[in-house]
């Protein structure tokens, strides 16, 4: 770490900081500059104490970390891309672009199965659908629960699609893992570390959505909780961050694709439905995501969006989805994917 | 709700929306304006379906809700201030300004007890201290767990201070509630609805920190989860929101005080330590909070901040805290509090 | 507009609002709902007074506009895309994707001409380069001024590239317009309305960058200043907005492409250099921009980025630019552009 | 500056960076750490080239500046508070809290004079009122222009109040300075550097509002433009920043008070009207501002807010203002001000 002292710090006060740095097991190197003195503290920032506490010394202006705080998610420890086998057979993170599609919420057998057959036909390989739903208001539909999971299982049996569904309680981890091929951690739980640990321990692939106001570093560190708890099958999912803009529900940060590819070996998925909050923008966002190198798309599809029990405004119709898949073909080719 | 149609919508398309509104059990009133037609849909927006799904109709431009989505936290259902009795004896939300103080993390018996005695002497009535700590990185200190709770209990026996500590797992709810007089829900769990429900069910007062990027409405709705699950002892706590500014760790939104007082009957607490991330700004922020009508302050205090195991940079020393309490006196008087 | 009254407003207070609405030349329609009364005020919101002042009545909860505030930039007044002829010969907004490239600042004849020849060869049609530079600090390089403009003119004569350069003072409007084929209004001046008017009056095409924290509506309204002052040659340019994220300098909001296309008839250009702040992300962002339908790209290119006098970190080398142009070809084809 | 190299950078690549640092006139010191090598580059970061261009070297991970970029606004160059004499007689930045009050826009003689007499009587010493108004839409009232300035002059003659009014065009600088005792630079022009220079050159005190999404450092640097152009009479004004919150128009960042006091010697003024966007929150915000050490308040007051031509929702009535001034007295005393 770099410890920046205030201008004109007397020699004795410099020594006091140097001594404290030694006490915390770093090796200090004092650098006297034109205007300021800075102390480089050499040591492993992840295993030693955090030197930020030094800012309680009045002569310390700032402490700047230089090492990254994450390690297992890092590209360097695994220079090639991690390819995750969903349900042991669907590679995510490889050459083939995967598409996960389905309704925001599982509402009924008819709704789910008609969607499943349609998205399968259009080219999706994984079915999404919420059985447990985190809702901003306690008065909104909270999902069908286990019954929803059973419908997902039925859809899987009928179509062969793998299943991704949200886990929102540590207490449901085993139950949801029994039915799901990928556990989705939602944006509101992206730093619910107990849930991340519980999800990791099921051994199932974990798709970690970015929190509404999560910096890239915090997102990587949340992912670190999954791998550090013994589960290497980690997938990042960008779904829009919260900004001042109100035209869209969230601001989809597509730069997350090249950034995650650069920093990490894990696959990156784009969820344009949440990002846009409006079906009419989803198509353009999918094109951008594919062109920029996303490994998969996660798209909300509903047989009758106007009657959806949650987030109807952002769900594509079955027809709309089929058309989207066709539209994407040249972009998939241009991106060198299948 | 107000359904705004696109300009020049043909009559038949207007009728289609009107029919859908009726089908969803609202009573439509068509208003033909100079440029636009809007349809007012009369009905209870909380019990009926959400009309936002109507935006999938191409002729619908926007749907604007007019009713507030929360009810039990609302000032109107309880026009006077709710006063919550912490540990059955410390009124929070009444005329007396309460001060909650203590270390970010419980680290040792010596650290905790010396802090407890000092903050008690300086005027605090509630001891804070984290036993279970949510940390951005899995490699950071995660708290002493149950041992930490036991130390808090010991501090309570010795000083008479009530205890506030964080709950971060549904599975710890009963354990933490056994020791704590107030359960704190941290900012990263502010929309972990399962945790809110588990906290509510313990019956203990729940202090709900505002999420990093939570709008006031979402915060009130998260509080609604607590009251709707049978626990009226809800306390809101502003601790800074995430913005583009990097000088401070977060941006403390002191306007939350008059806003919560206007919208809700629940008490509002200010946590300036998290808001500032820097001890040197905490004093000014406490003055502002008291002047603007906060019901309590939640302040991080540590016997030796430079050696704190977490967030040292923002913790006051014991002396610093004692001086702060004296400094606040004229502002407490000016605000008409005790 | 829709005027929402507070619950349980007495009849007399409703009448007072109705009378005020009439006085302001709107036609009021009172709608009594289950919980609330709302008043629809029918009239042209752009020519009448703004009813938001009604919120000073204590019985008024909110006033919600329903009409859009912009008109001349609106897609509806010009249903087909506006195609702007840059220098009377380079169509922007049509089938051909245009590329504007060049250094952040004009530094010397050698630097500019070598760049101009290189970007021309790689396929760019418009040369960018700042002669007047708005810099965060007064101690940073402020541009070569008129000398820079003359170098741009020379580069134009030698290469045939049209010229885009920034206008940052009303007092330079005529001078800059003499040399430039497109006047660029920078992000910090995006709501400097006097500058927008001065730029409009030159008659040259105006490229309006989005302000750092400008909502789409505000951006469209700033553009409205240009067209309302007699200049229909308006071009929008997204260059990244300010968010909490610090990994990138700004967050490039690529959703602006389909949104501007939907709301407006004006062309939309993407500036990935400013958005990323890092050359290594520029390529991916260009791919996304092209796929999503951008009409042009604005890219910073420098013969030796490490020696650039401003913003070196985000400038591509000449080679890097040539490779980028090749890489983009399949995406341009996929997007149906030339 | 600190140059952080990527892990495992070969010796030759380290040398290349060292050479470049020397070429740019810094003195390099190589520090080999446990995981990373960093190079401290010693030199004056304000007069030398900016080393950020080094990030174009692939082996460079990050460049971190250590010196502050501003100097003349800095507390260190002027350890005591700067007290600015407005109109040569009203000290701003000293022991007395000053109050600037008046309408958002000057609308008529009657409106302005009745307000001026009322705010004077209630204790204000400076009259505010916009003659030139920057409006988001070109169709909104743009101010009375020079006629408005003349009305302000008349109000000054009648009441003895000093005048603050906005400057929004370089071309108006002399005209506005003829009438105004303080030139206000609005939030949208906070980085319109040409305007800052023009304002500075009039010699009149300059009140610089913080830009909507300006970091503290950028605000200080914009202020640096004023002092560096020969005008030491610089006043900072916090008026709310743009965040994701929509309940208030902006988020008033009251922490700016202690931060500006710490970083700079210049006075700091709070504008709660713009910050809140709602008159009902203004009172609480004024209390907080006074308690936290603001040197002055800037408050919108109108004889009939419901009929204001701009921003009626956030203006206090004459009575409301008089009551506010009484309410503030105990807080002014508690803050040790007059």
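So that you can tell them apart, the chains are marked A, B, C and D in the order they are listed, and the count of residues begins at 1 in each.
As a working rule, a residue touches a chain if its C-beta (ideal position, glycine included) is under 8 Å from a C-beta of that chain, and two chains touch if they have at least 3 such contacts.
In this text, all values refer to a predicted model and were calculated from it rather than measured experimentally.
Identification of common neighbours of chain A and chain B yields C, D. Among the other chains, the CA centroid farthest from that of chain D is the one of A. Each chain gets a centre from the mean of its Cα atoms; for chain B and chain C, those two points are 38 Å apart. Centroids of chain A and chain C (each the mean of its C-alpha atoms) stand 30 Å apart. One finds 25 Å separating the Cα centroids of chain C and chain D. Across the assembly, chain D contributes residues 213, 242-244, 246 that each touch 2 or more other chains. Chain contact summary for the complex, chain D toward chain C: residues 20, 46-47, 49-50, 52-57, 69-70, 134-140, 168-171, 188-189, 191-195, 211-213, 218, 221-222, 224-225, 228-229, 242, 278-279, 305-309, 312-313, 315, 317.
Listing the residues of chain D that touch chain B in their complex gives 213, 215-217, 241, 243-248, 251-255, 257-259, 262, 275-276, 280-281, 283-285, 287-293, 330-331, 333-335. Contacts from chain B toward chain C in the complex involve residues 2, 4, 7, 29, 31-36, 38, 40, 42-44, 62, 64, 66-67, 76, 213, 242-244, 246.
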